[in-house]
Amino acid sequence: MRPNTVRSIWKSGGCVVNGWLSIPSGFAAEVMAHQGWDSLTVDMQHGIVDYQQMVSMFQGISTTSVTPMVRVPWNDPAHVMKALDAGAYGVICPMINTREEAEKFVGACRYAPRGYRSSGPIRATLYGGPDYQAKADDEILAIAMIETKEAVKNLDKILSTPGLDGVYVGPSDLSISYGMGPGMDHTDEKRLDLIMKILKACKKHGVHAGLHTGSTAYAKRMREEGYQLVTLLNDSRIMAAAAKAMVDDMKGLKPVAAKAKAKGGSVY
Amino acid sequence: MRPNTVRSIWKSGGCVVNGWLSIPSGFAAEVMAHQGWDSLTVDMQHGIVDYQQMVSMFQGISTTSVTPMVRVPWNDPAHVMKALDAGAYGVICPMINTREEAEKFVGACRYAPRGYRSSGPIRATLYGGPDYQAKADDEILAIAMIETKEAVKNLDKILSTPGLDGVYVGPSDLSISYGMGPGMDHTDEKRLDLIMKILKACKKHGVHAGLHTGSTAYAKRMREEGYQLVTLLNDSRIMAAAAKAMVDDMKGLKPVAAKAKAKGGSVY
Amino acid sequence: MRPNTVRSIWKSGGCVVNGWLSIPSGFAAEVMAHQGWDSLTVDMQHGIVDYQQMVSMFQGISTTSVTPMVRVPWNDPAHVMKALDAGAYGVICPMINTREEAEKFVGACRYAPRGYRSSGPIRATLYGGPDYQAKADDEILAIAMIETKEAVKNLDKILSTPGLDGVYVGPSDLSISYGMGPGMDHTDEKRLDLIMKILKACKKHGVHAGLHTGSTAYAKRMREEGYQLVTLLNDSRIMAAAAKAMVDDMKGLKPVAAKAKAKGGSVY
Amino acid sequence: MRPNTVRSIWKSGGCVVNGWLSIPSGFAAEVMAHQGWDSLTVDMQHGIVDYQQMVSMFQGISTTSVTPMVRVPWNDPAHVMKALDAGAYGVICPMINTREEAEKFVGACRYAPRGYRSSGPIRATLYGGPDYQAKADDEILAIAMIETKEAVKNLDKILSTPGLDGVYVGPSDLSISYGMGPGMDHTDEKRLDLIMKILKACKKHGVHAGLHTGSTAYAKRMREEGYQLVTLLNDSRIMAAAAKAMVDDMKGLKPVAAKAKAKGGSVY
Amino acid sequence: MRPNTVRSIWKSGGCVVNGWLSIPSGFAAEVMAHQGWDSLTVDMQHGIVDYQQMVSMFQGISTTSVTPMVRVPWNDPAHVMKALDAGAYGVICPMINTREEAEKFVGACRYAPRGYRSSGPIRATLYGGPDYQAKADDEILAIAMIETKEAVKNLDKILSTPGLDGVYVGPSDLSISYGMGPGMDHTDEKRLDLIMKILKACKKHGVHAGLHTGSTAYAKRMREEGYQLVTLLNDSRIMAAAAKAMVDDMKGLKPVAAKAKAKGGSVY
Amino acid sequence: MRPNTVRSIWKSGGCVVNGWLSIPSGFAAEVMAHQGWDSLTVDMQHGIVDYQQMVSMFQGISTTSVTPMVRVPWNDPAHVMKALDAGAYGVICPMINTREEAEKFVGACRYAPRGYRSSGPIRATLYGGPDYQAKADDEILAIAMIETKEAVKNLDKILSTPGLDGVYVGPSDLSISYGMGPGMDHTDEKRLDLIMKILKACKKHGVHAGLHTGSTAYAKRMREEGYQLVTLLNDSRIMAAAAKAMVDDMKGLKPVAAKAKAKGGSVY
């Protein structure tokens, strides 16, 4: 089976630089796959992406050695299993708030007896190789999003779920859940504490920690802190910010915080 | 945030004339958006529409000032949240039969602490404006379908769900649930009573009442009775009926009840 | 080979009632195919339709006994041959102004030695049957649009093109070409004379005459005059007009000339 | 209502030869529909197929008399009902392990009072006819997959679910569930016993038994044993195996077990 | 008719800041439409865009006030007219090398008697308004690409073509035609002279001059020189360059000429 | 630049085993790309494939080392150049009957000064590498179809066209052109002579010779004769024939000439 680069980087103690795809286009995904990312995650939750587009995007990514992952729209075995059969090498699942939810999610990623994934890796076998089914349970990553007060409360129970490979922190939902507004790259004490608390719990349980960020500065800082996977914005926001900066330059507008003001992106 | 016309019409005491879209085409949606409707609802339940087409249809509608709404296929946060992120200004959810189901649905439409909608309004921010996330909970409409005997039994509990903006009556399912056949524009006492009973309960709870109808005559009658949103058939049935009438005219067929017999439509 | 209904109707002296499809949706096409039309023409010229959608629309039509035809975007063998291979039983070609253009068009519809159509009827064989290739040249209709002053000038030369089965009058382009505005259903002497002149020339040459119309009244009149195929508006205009009439009724707007004012349609 | 051929064959004591579609293309489905299958099942679970493609595939199938069925991705009323509204004449539902799950599934296939299917058969009425809604509950097939140890344990409870028309055995998942690897066409005693045990239970409960197979030899054997519906691989595996055999022949490679080694297929 | 902003800017003596779209996605186009561009050109020649995607992209753009334009793949009336019917407010046509080619192109953009555009502005009327057909010939822009030695030789003849609104310089093809490699933003004397020579000829003939550029610095310089429309790279290259810069920053790679090296873009 | 395997095989004196794709699906293309073909040609002429699907199919193929080629629908620079920009490593052009047509075709495949291909290899650079534009003219294959009596008459003139890399014989059109019916794998003297005559002329001019065949037996025979590229049927015919053979086996039908009778294929 084609090895999972994310797992390899983690084994070697490195931090994965992950890109995030919201534009429903196999071509745009292929362009992104040539920019140096370690992995690319197709965002089926907040991206403008459904199943058929996800497959095209996986094909675009699969023309390179970048590892394809997915964020599913919800903790639903239909989404998880279809993404895996199509070749996802990692699944990020939003809103895992309890141990029960974590088990339901992880189980959907693994064949019996470890889980209840149904057998039929139609494109995964093409991508991964003929021994896919024998090795998938050891290669595929199951990553739960921790992004609510409830999840933080249940952190130990969630992180001790057998087979859970990592967590992914959604800073915007986490912030909203704690009564603060949406946004990323938090530096205030309260939210920074939360982000560090989750990281520490991950280390304790031997679970890998990932984080969505809005800048290389923050991503580097969190990599220093110990996060093992960092995402930078997403394709549409990167494009929007860069385009806006160029237009502003042409029009003599002050590029003050061009990125923050760029429309067309969303806040995670 | 771009204001929600449906809400504005309701505030001014008016009744919304709503169109219904089942043809999976952004172009057809844009054509419909130029015919004078106050709002257009993309029907993901019984229409031939999935997510990617819904987005195209929203884009077609968004070239005009008509308010885009959606009927989701089922009470599932994945459907509700993806539709909202794509720019739906109202969500109609089928088969809400209990208070618990109503709460699950309304919660999916609202950010914490009012609900559990996940943060990432990727196209909604483009459509609604940069203050979308701050104001969405007050603008977006959560509308529950009342269309079963069980729902009628639980009417008060459902209608008192905090954050529920309206109900939408599905006359065909309601009729079937009471042991009568499918169909719309019921005038028999039993079903008319049901439709009035729901309306009265709505008025009591300050929840807006909407209804699917099959003719302007019935829609006007129900508007008189107090319904605040009326839908007229859908795009494919309107097209089918008008086309059939023309063909029948050419072929010398009697246009007797052409509309009722027109094939290609479905019965709600 | 499945017989061509248009040809059968013509043989029996009848007039074909033809529908016109501009909405890019196999479902919308299937709905239209159930309304009683003798044939349906997918409009690749002015409709929002490209090749892949045309195939889906042919599939929708092919679930019924309605005959599928196509209007190609231009007199280009690539368009003509791909439409035929996909199962078109008739091709309407715009802007045929000279004998040379007519020969180029008809040749693209016929295999050697009658023409230069390339061999590969991939879906046509599924639709037409295993003897498709042996009989296609006798069943498939090649119909040239007469819609310019130049075409009228060259009428006899065009109509005597071997293998030309019919002409189709585009009243809007014809009118523009003669210095009058766009529009259909002309009743002024000058344009009516043109439409009759083309009809007479067709009769003289044994070529079938078709016309695009905007109402059943005009279509019936022209059928009386001898036109053998009449089209009524198109799917999007029929839908738009009927929807607008309903909305106007709801809003108390006068339905004066609702059809003429309906937006969303185009003028042929 | 257009009769359901699968039901007719069963009534006459025959065994249905079912094809399986994983390629997301209405054209490929139409090609398959011309090869003699009694029914074709669109695989939305492990096939590369989502809703919009399923509709196109149904249209391709509906140009012939082959009966269209679907395997939904999961036991979710949204999937089941949308497939039925689009014209599926049978629904195969994966991973039915308990009586409760069976009831939830069957209920989604039937209108009240037999179930809770919502009214709106938008394309089903086009395909099935104007009396679709009156007769659908008697024609449409609800088929539960038995593919886990738990399901075998609950066999009698599942098979006695009112309205359940058939079961479909997934040999690969069944094998995995019993601790053996994936694969089909099992001939070892343990798994053969399981397959026979399920068959016998079906006979006892008057429920029809179907099976996924990997060869005509095994399919014929199981037909002899009493299975009433047999599927042969799927479109992509059939294509892959035949293509590989031709390439191997050209390259002088030994065609040893070409089929088994063909890549591009999946194992059910 | 909705006015053409490009024409308005030109009338007021301004220079249009034009964006360029190669990603086949209505969503990506809508995101770009929010970044401040005066106009956006859908590139059907070298972009990964065909007709159906162009329509979706126009719909995305039409949700804003940005002016939609198109570059067609070749000087073919089928491409030009379909793009105009779909709502393009300007057409850029590649490889116009002779007066005859210029006349063929301009004629396809205008109704008779100015040209030979066929009547049927199906979406253009929705976008432009009901008086579209009366005013289109005065609002729609016909812009010829000057990008070969032959075109430079025929400059006066091309620029004096009646109805030609502008030229668009393709610096990469122009350079190749003169025996130098591909690329943009030329500053060597030979190619700069060419670019100035074309500009001067435009001024002499009262034709507007546009240029494809690779940076705001060069675009500003050319705006100073008198170019009235400047394009900056395209969507995919902007995204690729910005993404690569972020990844390089994370990986400690020197961002030397990150933009120039970014893969995924093409050279015009 | 990624080397062109077809060219490498030719350099080493080998014969290319080429697959042919008519099913519009990136997934089906990816499946085919795993079966051992040296190259795969996307058939945009007689396949059910347009531009957007071709790109997806190229992406599917590009996940492997199989060389992607295309057959364009007609000798039109718009088709040729868009296919090349999307990453085609070889272009097969139908119906090249004269030297002038050959030059027009070859010129569209080469940048100036060798031809007039426009600069913008948007996906080709991703696939081929950053030096694509410098080397493309030496790697990309221009292959003309010889398939008419006229082409045979002009054989020497066509084959001496500078830059022409190969010819591809379409046996069905060739046969029709000589007054015989469609079909492949001709063994009668007259047509065999033609096929040998073309081969000899190719050898004389140093142009590579390719042929479409319907069986491995005939392909091997022609490989022996000296043909350097042989194609075997296409994806849909291979699938159809194999499926029909299985169904016939199940139904006890004699598999006599199953392949020849299989529906769903076309005849080249």
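For this structure, a couple of remarks:
Just so it is clear, A, B, C, D, E and F label the chains in written order, and each chain counts residues from 1 on its own.
The rule we apply is simple: a residue touches a chain if its C-beta (ideal position, glycine included) is under 8 Å from a C-beta of that chain, and two chains touch if they have at least 3 such contacts.
Just so we're clear, the structure is a prediction, and the values are computed from it rather than from any experiment.
Annotation: the chain C:chain F pair of sequence copies touches via predominantly different residues, less than half of the used numbers being shared.
Counted by C-beta pairs in contact, the busier of C-D and D-F is D-F.
Separating the centre of chain A from that of chain C, both taken as means of CA atoms, is a distance of 52 Å. Remark: chain A and chain D have CA centroids separated by 34 Å (rounded to whole angstrom). Under the contact definition stated at the top, the residues of chain D that touch 2 or more other chains are 24, 27, 30-31, 34, 48, 50, 52, 55, 76, 123, 126, 236, 263-265. Chain contact topology: the protein chains form a pattern that is neither a line, a ring, a star nor a complete graph.
Pairwise chain contacts present here: A-B, A-D, A-E, A-F, B-C, B-D, B-E, C-D, C-E, C-F, D-F, E-F [touch as defined]. Chain E contributes residues 22, 24, 45-48, 50, 52-53, 73-74, 76, 79, 94-95, 147-148, 170, 172-173, 176-177, 179, 181-182, 236, 261, 263-268 to its touches with chain F in the complex. Residue ranges on chain E touching chain C, taken from their complex, read 50-52, 55, 76-78, 81-82, 85-86, 111-113, 116, 118-123, 125-126, 130, 133-134.
Per the touch definition, chain B reaches chain C in the complex via residues 17, 19, 23-25, 27-28, 30-32, 34-37, 48, 216, 219-220, 223, 230, 232-233, 235-236, 238-244, 246-251, 253, 262-265. Looking at the complex, you find that chain E touches chain B at residues 26-27, 30-31, 34, 55-56, 59-60, 62-63, 123, 126-127.
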